[in-house]
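Following: one structure in structure tokens, then a few remarks.
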Amino acid sequence: MYAISLGDDGAELRSLEPWHAEEFLAHLDRGREFIQTHIPFGANAIDADSARELLQAYADKRAADTGSLHGIWLDGKLVGGVLIRVFDAVHGNCEVGCWLEPAATGRGLITRAMRVLIDWVVEERGVHRVEWQASSANEPSIAVARRLGMTRDGVLRQSNSYRGVRQDMEVWSVLAPEWRAARARGAHKDH
Amino acid sequence: MYAISLGDDGAELRSLEPWHAEEFLAHLDRGREFIQTHIPFGANAIDADSARELLQAYADKRAADTGSLHGIWLDGKLVGGVLIRVFDAVHGNCEVGCWLEPAATGRGLITRAMRVLIDWVVEERGVHRVEWQASSANEPSIAVARRLGMTRDGVLRQSNSYRGVRQDMEVWSVLAPEWRAARARGAHKDH
Amino acid sequence: MYAISLGDDGAELRSLEPWHAEEFLAHLDRGREFIQTHIPFGANAIDADSARELLQAYADKRAADTGSLHGIWLDGKLVGGVLIRVFDAVHGNCEVGCWLEPAATGRGLITRAMRVLIDWVVEERGVHRVEWQASSANEPSIAVARRLGMTRDGVLRQSNSYRGVRQDMEVWSVLAPEWRAARARGAHKDH
Amino acid sequence: MYAISLGDDGAELRSLEPWHAEEFLAHLDRGREFIQTHIPFGANAIDADSARELLQAYADKRAADTGSLHGIWLDGKLVGGVLIRVFDAVHGNCEVGCWLEPAATGRGLITRAMRVLIDWVVEERGVHRVEWQASSANEPSIAVARRLGMTRDGVLRQSNSYRGVRQDMEVWSVLAPEWRAARARGAHKDH
Amino acid sequence: MYAISLGDDGAELRSLEPWHAEEFLAHLDRGREFIQTHIPFGANAIDADSARELLQAYADKRAADTGSLHGIWLDGKLVGGVLIRVFDAVHGNCEVGCWLEPAATGRGLITRAMRVLIDWVVEERGVHRVEWQASSANEPSIAVARRLGMTRDGVLRQSNSYRGVRQDMEVWSVLAPEWRAARARGAHKDH
Amino acid sequence: MYAISLGDDGAELRSLEPWHAEEFLAHLDRGREFIQTHIPFGANAIDADSARELLQAYADKRAADTGSLHGIWLDGKLVGGVLIRVFDAVHGNCEVGCWLEPAATGRGLITRAMRVLIDWVVEERGVHRVEWQASSANEPSIAVARRLGMTRDGVLRQSNSYRGVRQDMEVWSVLAPEWRAARARGAHKDH
């Protein structure tokens, strides 16, 4: 029942739950090829049961406070989302990520949603370091990291194997003081 | 990060989670005697660990889609909450309940929160029957059931044992068509 | 190896266990349509494996002291049974039920078996309240409740969904003092 | 609620369950030294919780069809019992055993109870081989094996370590055809 | 990465692990009929998944310190192995066994591997009694027991059911002092 | 029973198992302060039970093929070890690490052990990328990475919180082709 408005265009952020399985599957089916260009997100979710399984995995992560999944709805239609892939309350670290179907790109939805998410982990949950990982070839993803004011920590050479090819994975991060300083400078507004 | 405004007085509804344990405990400690007049809600939550255990039990219910816990914050202070004690998506049934610390009574907070909750289970989750159970001696709780337009289905004679005394438990309910009809009549507004 | 004679006609009550799966299945197959007129008892038990699963679920309940399943054998043939669907030793409550294949009706088998069962929960296990639930349309079941001296506590309106139709469920109960008083009056003998 | 009469002296066999914990503990406390002369049966059961744990372990075995525990009550007092320590329905094997408090010895209670138990595993459960293990020093236990018509299969040299001393364990057994033949000869009657 | 040389012929002993599944399956396929003459070892391992399951069961035993599986490689080819079927550190007992594909018989591989294994359980792990079980009809297995200096403790009459026939199982054992004495006498060398 | 010689000085590598708990604890107690200068390895292992717990966690990882722990023994005394902290057979990645008590430093033990370990993951297990993480302040650890021919992939800024201070963590790695090339050049010999 909870929702957070992401702006005047009707975009909303909501927790994405197992009972959304059919809606989630339909969304994946619209964007599958695009979403999975660089990462396997949703690759196992090919019918209602397997879609529910993916959502259940995140519902369990949420219950264990080790991650969460949030959908972006545009005019009542699920078009993508942001997620906390790893959450470590003890050490104050988390890794975040995102996905989007092609029809919803170009509107800054991910950036807007990520700001809500990062504000929350930093201010409410005491996270010190927010990490972002992306294949070096995934330019849109790296552009988001840059737009969020993140710094590139390094490149994990050939650390991922996707579709038979080894990918370099870039690691970006923003630390809590950096996040707050950027917000104070209003840097968050000009995207 | 999600919140639902319950009105102009700053009251908000949020998911109540394991990481709220200390805040939840402080709230219980303020209202323990009052809250536990008729029911044992929170009786086992007597320190941070046991408070977290109670919250974790509901986090697990939520992950399993069998219940959920929602806190009511008034001016940023947790003062009570509403809960789905039992949720059965297959049969379209649920049982809801509530608790409040004394300082927050008399403002209709529970009724406002319950309306949000029942709207959601009925309209989003397809629940047909929303049940409410209260000890016959628990007049405030029965008053809430009445205010929500519920009907008394019966009295489970001496079905509960609390503090060494057997209590009659009243069962009240509202069905989805009744809920919608009442809302259409605007009955929900005059509390 | 244990058995309790239910009378001079050779009827016996025994614990119904996973290793009875084939016998249980054959019995269900003889009475399936009749047994499932009002309730789904045994609906999932359609072969030896699924029959064993149902029996295993009750074996597990018994081990956890939360329920049990007891078969009625007539001339060495399993013809029905009684069960403790819910057992709560802490609060002194239980819910009991029954089923029978059509060829075995009209002999008072259920009433006889239920008396043994209720005597045990009340006198040996300290149960204070024995509950019985039946669809309002299930007249034979309600007749058993009445014959056992139970009182109707109420009607849970449309609380069950069976075969696509919502059923009103009646709740009946007998309390330990009532049970003992009735037994003292010999009311248990005239069935 | 089930009980099997073991004879005219009021001795009865019943399933021994977790809810008997206090009664079981009191019995153990009366016979502890005697019972544990050769074997550690009940050694961990030193208060209500640990007694319940032992009984729960057997309740779980029973649910898994891998063993069971049966108490012998004499004039309503638990005085000992027989048990299926290992039950293997697939291979048709089981290992049985017994224990008794000293005040109840000399009446043939164990032999009577074991006959009921072996009859059941052989005739109802299809067991082909019933095994009995006893320390070579445990003469009363070996006498029971002999009285039950068992044959000594061998001696597992120093296979058990009890109270710091390695014991030779004798293995005795009776096969289903032997059991039936002995019963037919009435051999079971003279104890 | 660990290996123990079993002699000058290139035979080696290594832990046999789940990731060896395909190699293990190929080996079983070469020796299936021979290996399963008397015992069902590997009978369920008929493809890569089921082979991995068997290996995983032993990986789990090893983690729990209740058993382990060791392959014998001859010229880099898995040809059989030895195993600790049961390991009981608390009581200082274990049961060991072996299997071999036909092409690798006649070289004393099992005896050599067993000596390494028994040395380890006796000297490193404090085992007092090493047990060996074999069907009376399994002459090669009994010959190994004899060659290892074991004593026949007895015959568990008809205790095993294999391929529809009940087998007598012989129990052999060697105790730690016997093992050490035999080694001192150099008895281990003449095989 | 398995061991790998690490050279002429009697150093050996062995799997480090739960039953080594007391030996492991004694070793930790000798080196605790030194070992935990930069990382919390062994910090929770303060008595036999907690030491066993740490070893059991790695025994479980090994059974799940997600990691393993290997001790280095010098003249029969456990002085340190190497470990596969993360093992991902599907993606061909692993992260390795090490620890040593002060008395055993300066002999190249870690480098020798790591070479055995990396050879195995690369050649036997098909790992493509071997990762090493160390606090920027942990010069000896970084020196090992350099000696193993690893490349620094980056610095995860303030990603670790240890003893109340946030540490920069360096990520180093070597890829399978690099490892093989270095070995071919004999680079592995000059340490």
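Letters A, B, C, D, E and F mark the chains in the order given here, with residues in each chain numbered from 1 onward.
Keep this in mind: a contact is a pair of C-beta atoms (placed from the backbone, for glycine too) under 8 Å apart; a residue touches a chain by one contact, two chains touch by 3 or more.
Quick caveat, the model's predicted, so the values are computed rather than measured.
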Q. Tell me, which chains sit next to both subunit D and subunit E?
A. none
**Q.** subunit E reached from subunit B - shortest hop count over touching chains
**A.** 3
**Q.** Chain pair with more C-beta contacts, A-B versus A-F
**A.** A-F
Q: Would you kindly give the rotation angle relating subunit A to subunit D, two copies of one sequence, based on a CA superposition and rounded to a multiple of 5 degrees?
A: 180
Q: Considering only mean CA positions as chain centres, point out the chain farthest from subunit A.
A: D
Q. If you take the mean of the Cα atoms for each chain, which one ends up farthest from subunit E?
A. B
Q: With residue numbering as the guide, point to the option in A-F, A-B or E-F that repeats D-E in over half of the contact pairs.
A: A-F
Q: Compute the distance, rounded to whole Å, between the mean C-alpha positions of subunit B and subunit C.
A: 33
**Q.** Distance from the mean Cα position of subunit F to that of subunit B, given in whole angstrom
**A.** 52
Q) Touching two or more other chains, which residues of subunit E qualify? A) none
Q) Draw the chains as dots and join the ones that touch; what shape do you get: line, ring, star, complete or other? A) ring
**Q.** Complex contact set, residues of subunit C against subunit B
**A.** 91-93, 128-129, 131, 151-161, 166, 171, 173, 175
Q: Using the touch rule from the top, collect the residues of subunit C that touch subunit D in their complex.
A: 1-4, 14-15, 17-19, 56, 59-60, 62-63, 65, 89, 116-117, 119-120, 124-125
